[in-house]
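Next, two complexes with subunit A in common: one pairs it with subunit B, the other with subunit C.
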Partner chain A sequence: MSGLSIQNVKKSFGQTHILKGIDLEIPDGEFVILVGPSGCGKSTLLNCIAGLEEVTEGRILMGDIDMTYAAPKDRDIAMVFQSYALYPNMNVRKNIAFGLEIRKMPKQEIEEIVDRVAKLLQIENLLDRKPSQLSGGQRQRVAMGRSLARQPSVFLFDEPLSNLDAKLRVEMRTEIKKLHQRLGTTIVYVTHDQIEAMTLADRIAIMRGGEVQQFGTPQEVYDEPANIFVAGFMGSPSMNFLRVEVGGADGQYHVLVASEGHTYKLPSPPTQADLSAYVGKQVILGIRPEQLTHVMPHLESGPFVTKVAVKVEVTEPTGADTLVLTRINDEECECRVHPAEAGKPGEMMDILFNMEKAVFFDSETEARI
Partner chain B sequence: MTTHNAQASVLNENKLDGNRMSTSKRSKGIDYWLPKLVLSPTVAITIVFIYGFILWTTILSFTKSRILPQYEFVGFEQYVKLFLNDRWMGALANLAIFGILFIGICMVVGLVFAILLDQNIRAEGALRTIYLYPMALSFIVTGTVWKWIMNPTVGIEKFMHDIGFSGFSFDWIVDPDMAIYTVVIAGIWQSSGFVMAIFLAGLRGIDTSIIKAAQLDGASLFAVYTRVIIPSMRPVFFSAFIMLAHIAIKSFDLIMALTGGGPGNATDVPAIFMYQFSFTRGQLGIGASSAVIMLMGVTAILIPYLYSELRGEKQ
Partner chain C sequence: MSQTKVNDARYKAITGRAILYAVLVIVALYYLAPLFLMIVTSFRSMEEIRVGQLIEWPKTFTFDAWAAAWNQVQIGAREDLGLKPYFMNSIRMVIPSVLLSTAFGALNGYVLSFWKFRGSELFFAFLLAGCFLPFQAILLPHSIVLGKMGISGSTLGLVFTHVVYGVAFTTLFFRNYYVNLPGELIKAAKLDGAGFWMIFYRIILPLSTPILVVSIIWQFTQIWNDFLFGVVFSDPNSQPVTVGLNNMVNSTTGEKRYNVDMAGAIIAALPTVLVYVVAGKYFVRGLTAGSVKG
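Then we have the complex of A and B:
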């Protein structure tokens, strides 16, 4: 077993630069998720790690060994593909055994491994079926079984769950997490689904346009996003972004928001940002919907909590909470309130602005202040 | 008065409804009968000219017919005569040589070309068209062209002599032992491009991540093709085989144009035998029996194919 070190990896096709210098240090046994919108280069990076595509520049190390130009089969990695990529002409048993047979492992040993893997993934009863006779979830298991059989030092997953229906996806997500906890093997997992990223990862690398925007634990990227892109990408419903003016002095700063003719001063916690350079200027306030709640007495007295009267535009019940869409500073703003407390469209209602976890972004660079 | 009117209108409506119903019934009748009416001439023609003549030929094969059909039945006498005829046995042997080599080499050449074309090469479209183009020619043209190319006094042999290789010899077409192989060459030239197109379509249907997965599993490119891709193209092989097999059994025009069945009877095949016995040598009975044997050959290939196709549809 070994960690993975990606050093300044670049990949270009002619003049098109897909990866613009990626640096990731992945310790042994970590579950890392590459997440980002389509075309951000996450799958290309995975293919580069697998050796299916050659990097233009940079190095890829596994343990201490430079694997940048090693053939895929020499890298001791296994990959699970979005389309499962099972061999259609072989039954499940052969599919799992193929990689071992190619490596000329003794028959006896292969059988033992296949049985062990099948037991682990609960596919013993499917071993003699062809891939075409399996459901999506079963194919997914077989694809995982095939990669498990070789006991590689790194697993690569390329959007493995995106072809499954929603319920099965949640089940398989849990299974993958359990599997990682049991095996403790390094995993690099690509997805465009931020919920998958949050739930599975030890650390998340958020990518955009061939660059890593932030590499941190799920809680870090959620609470302390590096920039507006990361803040907007992680979390559902998305974080609210409001253009606000900064006021105050001597370490006590506030931002101004307007709703229905009234202006409110929202205090900025000094732990969140140093706004001294921005007094009198505009910044972008990032605040998640769950920080904008209905009036709860035990919260109301908090030092960074302000009651704001807003007009309800649209309500979206989700069951546990109701999302209330309103307008603040003439920009759309979503609040998460208790279903019983939600106003009706057109009505006014009081919302508590809890600034404890608010973040601020420079309005030009979009980086976090 | 008003109630009366109302009643009347209700009655009217009922009547209208009745009318509408009858029209709809009639139009349904037209919908029902029109397709059958339109298709019936084709069905009739097919029944008479294909199945009818198959039946007639089969009947004739059991009669003593010579130049003209006659209906004195002699049981399997014509079949016995047929299989005692050396020329027929020679034709069958030729068909075996031609069939095996033609189908085998076409498949190999087609597959190799398809795999090479599948490596994301430049100008693939142009190459594909070039390889496929012989299929656009009729076998008569192919036969005539190859007759000239392989003719020792005008073709390759003369060309090699002209550029100085005076010892060069390529006279298969006039050599009774080798002439059948010239038919194989021309047939392969004509059909392998088509087989390539079928295989290429099959290769394109394979998910590229399967190839990636096999590479990660440690398979070489050769192993990827021999152990994963080619085995998973079994239906494509089957289709290609059926196409080539019935071309081989029915082959007539290519051989007529290329060698005329000669030299002597060296490139005789069942189709030529059947044609000559039926229509130029006045042995309609033997000709008919040879035709029935050929039909049985084609059927033996097609029935399993149709069976697997239809069974596949049901699933």
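Then we have the complex of A and C:
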């Protein structure tokens, strides 16, 4: 077992720079998720770790061995692919055993491993079937079984759940998490689904344009996003971004928002940001929908809570909550309220702005203040 | 009183079908008529043909013409009679040619799909040009090549020629089939520790059955039916059956023996017919199949 150290890894195809210097330190046993929009380089990075693509610059270390130019088979890595990549001409048993056979493991031992893996993933009854006779979820299990059989020190997952239907995806997600807890092997997992990232990861690396925007625990990237991109990418529904003007002095700052002709002063908690340099200027206020709720008496008296009257434009019931779309500072703003309290489109309703977890971004650099 | 409107399309569909099938049957009959004439004539005796009509049902049913065409007719000035020696030449030529050109095509296709190198697309484009090459244009230079190699006028020279000019087609077949296989298969096999040849033998070849059949049928038909290379690059001891048939039919001495000519033509065509019957369904499947599911 070993950790993974990615040092200033760059990858270019001619003049196209896919990875622009990636640094990640992944301790042994950690579950790391690479997340980002399509084309951000996350799959390329995974292929570089696997050795399927050569890096242009930088180093990749496993434990304390430099693996930058090692062959894929020598890296002690197993990978689960988006298309599962099961060998169609072999049955499940052969699929799992293939890598072991090539490594010239004794037959007896191979059989034991196949049985153990099949039991672990509950695919014992599928061992003699061909991949074409399996459902999507079963193929997924076999693909994981194939990678488990070799007992590698690092697992790589390349969007393994994106071909499954929604229900199965949630099931397999839990399954993968359980598996990680049981095996304790280092996992690097690529996805574009931020919910998958939040639920699975020990730490998340959010990537964009070949660069890591932020690398932290799910709660960190959710509560303390490094910039607007991270804030907008993580969380569903997405964080609200409002252009606001900063006022106040001497450590007591507020921002101004307007709704239906009234202007409100929203106090900014000193722990969230130091706005002293921005007085009189515009900043971008980031506030998540769950901080904008219907009026709850026990919250109303809080020091950073303000009641704002808004006009309901659209309502979207999700069952547990209803999302209310409204307009503040002439920008769309989503609030998460109790279904019974939600107003109807066109009506006015009171919303509590809870600024305790509000974040502020520089309107030019888009970095967090 | 209100009348219910009826939307009944039952007979409309059937009428359309009937016309369609009628046309198809007529076209098929028209197409099969020459073959039918050949078969019928080959079983008639020469006296019968001489006194009767050219197109007529055989009054006496005889295999004489077949036997004559196979090993009794004097073709050219050679000692062995009939088409048999030519037929054997063809078999000696066609089997290694088909196998080698298919094997090279599979290997080329594998490399061009999964082990791309700098310039591999350009390489493929040049190879494709081979498919459009008029073979008449290369007769002279190629005969010089064969001469320099010391294999002109031999079965080996014919095999070499057919392999070289067949590889363009077989590579195209295999390459276009393989690009539809998921590239992740190769990645998975690489991570499993398999190398270039291991991946080819254990993963790719077992998935290639449909396209192997297509390639074999195509190459077999092309090479067996080839006349141009056969007549130019062979000597009397290596002439294929197409050349033998030509020599037999075009001999200007003696009477034109239509029944023997027909039997000979059928003999020369039989192997390709056989290959189609045996592997035909794979042929259609392979030509249309985009990829292997699973």
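Keep in mind that, in the parts below, the second predicted complex is superposed on the first by the 369 of 369 C-alpha atoms of A that agree within 3 Å, B and C clash if a C-alpha of one lies under 4 Å from a C-alpha of the other, contacts with A are read in each partner's own complex, and residues count from 1 in each chain.
Everything below uses one rule, namely that contacts are C-beta pairs under 8 Å (C-beta built on N, C-alpha and C of every residue); 3 or more make two chains touch, one makes a residue touch a chain.
Fair warning: this is a prediction, and the values are worked out from it, not measured in the lab.
Taken together in the superposed arrangement on subunit A, subunit B and subunit C clash. In the superposed model, A:Thr263 lies in contact with neither subunit B nor subunit C. In the overlay built on the shared chain, the residue A:Ser132 is in contact with subunit C alone; subunit B does not reach it. In the superposed model, A:Ala85 lies in contact with both subunit B and subunit C. Contact with neither subunit B nor subunit C is seen for A:Gln122 once the two complexes are overlaid on the shared chain. By the touch criterion defined above, A:Gln219 lies against neither subunit B nor subunit C after alignment on the C-alpha atoms of chain A.
Residues common to the contacts of subunit A with subunit B and with subunit C across the two structures: 47, 50, 52, 72-73, 77-79, 81-83, 85-89, 98-99, 102-103, 146, 150.
The part of subunit C that touches subunit A in the complex is made up of residues 182, 184-185, 187-194, 198, 202-203, 206-207, 292-294. Contact residues on subunit A toward subunit B in their complex (touch as defined above): 47, 50, 52, 72-73, 77-79, 81-83, 85-90, 98-99, 102-103, 146, 150, 158. Across the interface of their complex, subunit C is touched by residues 47, 50, 52, 72-73, 77-79, 81-83, 85-89, 98-99, 102-103, 130-132, 146, 150 of subunit A.
Subunit B meets subunit A in the complex at residues 207, 209-210, 212-219, 223, 227-228, 231-232, 234.
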